[in-house]
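Lettered A, B, C, D and E in written order, each chain numbered from 1.
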Amino acid sequence: MTGSVILQAKGLNKNFGAVVAAADINVDVPTGQRLSLIGANGAGKTTFVNMVTGYLAPDTGDILLADQPITRMTPRRITQMGVCRSFQIPQLCEAMTPRENLLVAVGASGPRFSFFRHAGAQGASEQAAEILQRFEMIAYADRPVSELPGGIRKLLDIAMALVRRPKVLLLDEPTSGVSSEEKFGLMDTVMAAVEGEPVTVLFVEHDMDIVTRYADRVLAFYAGKIIADDAPDEVLSDIEVQRYVTGTAR
Amino acid sequence: MTHRKASHILTAGLLGGIALFLVGLLLPNWLLFTVTKAAGYGLVALGIVVLMRGGLVSFGQGMVYCIGAYTSGLVASRLGVSDVFLLLAIGGGASTLVGLLVGPLIARYRGIFFAMLTVALSMVLYGILVKQNAIGGSDGFNVPEPTFLGWAPGVGASDLALYAVAVVVATAAATFCRFYFDSMPGLVAKAVRENELRVEYLGSSVFNITVRNFVIAAGFGGLGGTLNGLALGHVDPLFSFWTTSGEFVFIAILSGHVSVSAVFVSALILELVRSFSNRYFPETWQLLLGAFLLVVILFLPNGLGSLWEELRKRLGRRKPSVASDPGSLERRKEVAP
Amino acid sequence: MDVLLSILIDGVIYASWLFIVALGLTLVFGVLRMLNIAHGSLYAIGAYAAASAVALFNGFGLPAPFSLLAMLLAALAVAVALAPLLERGLLRLFYGRDEVLILLVTYAVFLMLEDISKLIWGVNPYFVFEPRQLFGNVEFAGLFYVGYDLLLIVLAVVCGLATWFGLNRTRIGKIVLAVIHNRELSAAMGVNVARVYMLAFFVGVFLAALAGAFTSPLISVQPGISVSVIILSFAVVIIGGLGSIPGAAIGALIVGIARATAVYQVPEAEIFIVYLVMAVVLIFRPEGLFQRVQARKV
Amino acid sequence: ETFKIGVVTFLSGQAAESFGVPAWHGGKLLIEQLNAGEVPPPYDTPGFGGIEIEPIVIDEAGGATKQVQEFRNLVQREGVDAVVGYVSSGDCLAVAPVADELQALTILYDCGTPRVFEDGSYDYVFRTAAHATMDNVALARYLSAQGIEVDSIAGINQDYAWGHDSWRDFTASMAQIYPDATVEAELFPAFGAGQYGTEISALMRQGVDVVHSSLWGGDLQAMILQAAPRGMFQRSQGVLSAADHVLPPLGNNMPEGLIIGARGAYGLLSPDTPLNRWWMEAYEAEYDVIPVQAPYRMAQAILGLKTAVEKAMEANGGSKPTADEIRATLRGLEWESPGGTITMALGNGHQAIQPTAIGRTVRDDDGNVVIGDIQRFAAECVNPPADQNSTDWINAGFPGAVCE
Amino acid sequence: MLRVDNAHVMIGAVEALRGFSLDLKAGEMVGLTGRNGAGKTTLMRAVMGLVKLREGQVTFGGKDLRKVPVHHRAGLGIGYMPEDRGLVPELTVEENMLLPTWVTPALDGPERLSLVYEILPELREMSDRRALLLSGGQQKMVALGRALAAGTRLLLLDEPFEGVAPALSQRLSDVIFGLRKQDLSVVVSQSELNHSHALFDREFVIERGANLAKTLEDSPA
């Protein structure tokens, strides 16, 4: 169910001193695609996600969202335009509970809320509870985030990105640090949450089982460059990818 | 999770205000005055609490305090405006205006840099005022006694009248804050303290929230300054000195940001501790005050307000609300070496 | 031209004085994450101790050059006596707390030390006359400068270089960096974190006391000398970037020269020039001139 | 029954060393001696007319707002019969209206600003020391009386009201007495700056005839310490309006040839009277140092209060007088103090004038630095007459001044 | 070598370990497997002394570790690789690895370093890059190198493969399992049950802070 191009990267370059984190990156992402980014450590996956979401500005190049340039916009503007993300290291409100974190997400993304109504009023707490339910976090709902295990934090981080019902969802290593039995469950939950809507999902992943199962298309990064861009099977059988990323060719 | 219902907050504010006024009828004059002054200080500190919930601490609230006091004081002494409510509006308004002007300039600063920039601004104001010989330079000037909606209370009654006004302003401000803290914008503001990046990535503007908090704090500062200028009958550039600002921060920390009423109690406690140690240990009162500070910070890391919440929990009448926050200033504590 | 030279030399002398004070402050902040208001009191106590020590040395009938040694030893004594007491006995209890909370803790310590030094030394002024007569006068740009004041420049350079070198070029400095970054993990790597804290605080106290000791011949040592030092050195540290030694040096120079320029050109502005400079620097460099490296978060 | 006096003065901070603590020392000693009836006549009745004096001392540090609050506490909580206090002009200005509002008898013993009674008028507030105009008028008169030629002047004064007022009065007086002298530099270092190297360079570069300063306490000591070795006082005549108190601590390190005032005829500038001899001896015996200006001013306040109280007791038949009775007798009162005769001549009888003296530091035969070339000025010579604002009086050329 | 007996640890209000036990013989390589939040990290931190034991015992080489201060534990020859790498950003890769040898007299820096470079030659190439510039996976490698430098008798590796690209992950696992030749005990925690568990001598499964079962007394490897 892919349609017109929603996200477009044209000639992105980014250097950190001598380190090349992006070298002439060109990608077109059609609406509704499930795109997986794989690559060696330090290849530039997170950098790509950071550039798309406005955290980093590319040295050169352009990023278009539905043909509109978003290259030097702030993360907030880009988020408001419907691009949401999760983080490699979860970004949460540590002293708050997951429930409160989700309330914050509702409050930050929703319509204007009154100064004189309780935060939980106006349907917000129902919405938060519903998400907690859907992501099976009820058991942890009212403990401070700082006390939660890594996997739950990861889940919450993703759940918060979903509150706004994004057009484009970028997930930076959603399953790293999540135990193997739970990985698929987590991905199933996420995918179910965006099911039936034309949501484009880009996810960075190191686990090839996840990649083959959930991606329509795979981008393989190495040293800031895209070395392969194709359907999962094709990419994973690419000799360069095998050498630098998956390590199956020796 | 419980809601403090809007009507509950309003009733609590109203009853609290009335109760305080009735208590005032019984207080000796010196205490009446001390409470009035504490209310003025508490208002400024409440502004800091608002900022603190957004992750920032201003060490320069003396600036807005001073602007409120000077503006209302000048209007009172030069233009002859004497009505206390008008003066409060003018003083609060002037500081709010300054908050609107300064807020956007400093909203992108964080942590100690925000604190020090506010110090710098307040000290520049101090430096300028010291030079203004036309309005008394470093000695400041006197502010005439206010009238109350046309009524000029004579000697004796004016303390009580001003106390009543202080109670009204303080409870109104506290009620407003309770509403704000419990509301969705308040919750998002609190998230700013925890993780700005996340808030931006959720689509809210940390900048706008910070400016909003700063403006609210400025308004409170102006009200506090006006109130104290009128109560003391005198304003001077020291209102904007960094030590004055330091006291406001101390009150805010002492109270913590769980409870809005704790701010005023803290202000009063500080005044009383200082006054009595000065009276009975004039040579070593700083030693005692310092020790008091340490003890409070050591044993009440989340401030006096946390005592309230604790009490409430003990009584079991209410569970902690959304706004309560065990982390508070104390982020994750690492193992001390 | 002469005026320009004067501004420069006066500014640099002032900057040297400020730098020695700010150096300890920025070091302690860098390691302990503590902006120490009590640094001002330690400066004052250093001055008092120097006054007492010089008097003691004079009592022994030692020749005047020994007064410099006396001042040095006095600063050391202050650090030996107070650093463990304050760090182990008190500040340790607050590690890991919020920066602002710790700021208030040090404010409380400041209040207490003010009264304590008053209890020890009383309110009467102390003077240290001898050292300043040691180096004679130097003529420069048509004016006389006291040799001792120029010595302060040397002292500042020596202290600055030694501290910088110690932190950046020695093993112990690198260990300190590790502790700054993550004290828990450093402990797991075998670093005796408590000792590193102690050491950093000790050096900080020593530098504060040293600044006080070597300032004592210039001033009247009496209650209240700590107050103006604090806010000035805070400004320097903020301008330079918290925790940065080169930053403190440049911050001190900027403040010193700006102030000297103001005295010559716009004397009315002297009272707030420091804050003005600080505000201007922060507008262009929101975290001061030398910003700390932040670990990657995203 | 006792007569409770709230004594407010600096016990901590910068003004403690030079003013606050010596003043309190003087006050404590005098009150003890008064209670014991040991003071020479006419002050030999014990206490105030037989009533024991009970002082409550409060630290003045912390700014005017705190002082207003502590003042209220003294009056309303502690129930003192009178408050004697305030070194800082800002505190005096802030406390005065409150004193009237509370109808609490208040004696300002030290602060210098003329504004208290020139900008306002109070019923319960008195100042038993001359205001600061006197100091700088006397300095200018001294310069001319000593035949010192002045073509150019410069000033270094602290950047707060005291410094600004002092400099204004001095330049205005000089403009009258030395109409041709030019002002070359006016520097206002911050209060408590401590470091004056730059200012000294700037002043020396000007090479003016006279450098004026109203610095006091640690700031003044530091300035002298830093300026003297660089030869500033060789290049320019230093005139210091309030400097007597730095002489005992600096001792022989005080440069010679500085013209100094004490804001009154105090300490080494004080007159040789039996009362003063007793006072100096008693103070030195107790504290091992001669009294400087601050204890003198405290003493003259307490003695004035004693005179007024006893006068009021005479009138009311010997019972403890009320504040209203005391203020009636204190108004326009005249009494002897160790520093000379105090007359409540200005501000509708609420503001004192007093004789003063200026001198020059010289080395005596033993090689000790003392004050020589002392010249005395009658109160009427250096204070404005009752109906005149001090600045106008100076600018008009001291009309009505009576000098011997 | 290492023996954890009935360990109980409270973190805040949570009981992170409730009676977990583990024992390890010299030269043995064991896995510590469990879901997220099971207590793997907590156990390692307890051994390192970063959290306090409320109950139970930890002994290392017969020594009661509870009496050994945190900073002396590394000196006993324990190398720890924390989950979040914990490198010092301002220091270079080499300095990061040398850090433990600076503070422990028993460790000879150059010797340990050359050993590490031998095992992980990739590190030599980036030896003078500052740690803050490295990507997550690169940091993992450095953290492993640092643990190797300090750990003469015991390695505690907390999820060494997490967030690491498969190619590198294989490389790391080759390295770790290659250590078997040395006289060194190793504990590797992981939340992925499928990962090379066949290579462990034994595997401890931790579930909600307690032992689930002691599986595989003798591994088929």
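Some notes on this structure:
By our rule, a residue touches a chain if its C-beta (ideal position, glycine included) is under 8 Å from a C-beta of that chain, and two chains touch if they have at least 3 such contacts.
Since we're looking at a predicted model, the values are computed, not measured.
Comparing chain pairs A-B and C-E, the larger number of C-beta contacts belongs to A-B. Ranking all chains by how far their C-alpha centres lie from the centre of chain A, first place goes to D. In this assembly, E is the chain whose CA centroid lies farthest from the centroid of chain B. Mean C-alpha position of chain A lies 30 Å from that of chain E. The mean-CA centres of chain B and chain E are about 50 angstrom from one another, to the nearest whole unit. Inter-chain spacing, taken between the CA centroids of chain A and chain C, is 48 Å. The distance from the centre of chain B to the centre of chain D, with each centre set as the mean of the Cα atoms, comes to 38 Å.
Contact of a single residue of chain C with at least two other chains is seen at positions 114-115, 118, 184, 187, 193, 268, 271, 297-298. Each of the following residues of chain B touches two or more other chains: 130-131, 197, 283, 285-286, 331-332, 335.
Among all residues of chain D, those that touch two or more other chains are 12, 159.
Residue ranges on chain E touching chain A, taken from their complex, read 11-14, 34-38, 83, 133-138, 140, 159, 162-171, 191-195.
Those residues of chain E that touch chain C in the complex are listed here as 48-50, 70-75, 80, 82, 86, 88-91, 95, 99-100, 102-104, 132, 146, 150. Those residues of chain B lying in contact with chain A across their complex are 1, 3-6, 179-180, 182-188, 190-191, 194-195, 197-205, 322, 325-328, 331-332. Touching chain C in their complex are the following residues of chain B: 57, 105, 108-109, 111-113, 115-117, 119-121, 123-124, 126-128, 130-131, 197, 242, 246, 249-250, 253, 283-287, 289-291, 293-294, 297-298, 301, 329-337. Considering their complex, residues 2-3, 6-7, 9-11, 13-14, 17, 114-115, 118, 123-125, 127, 129, 132-133, 137, 142-146, 149, 215, 217-220, 222-225, 227-229, 259-260, 263-264, 267-268, 270-271 of chain C touch chain D.
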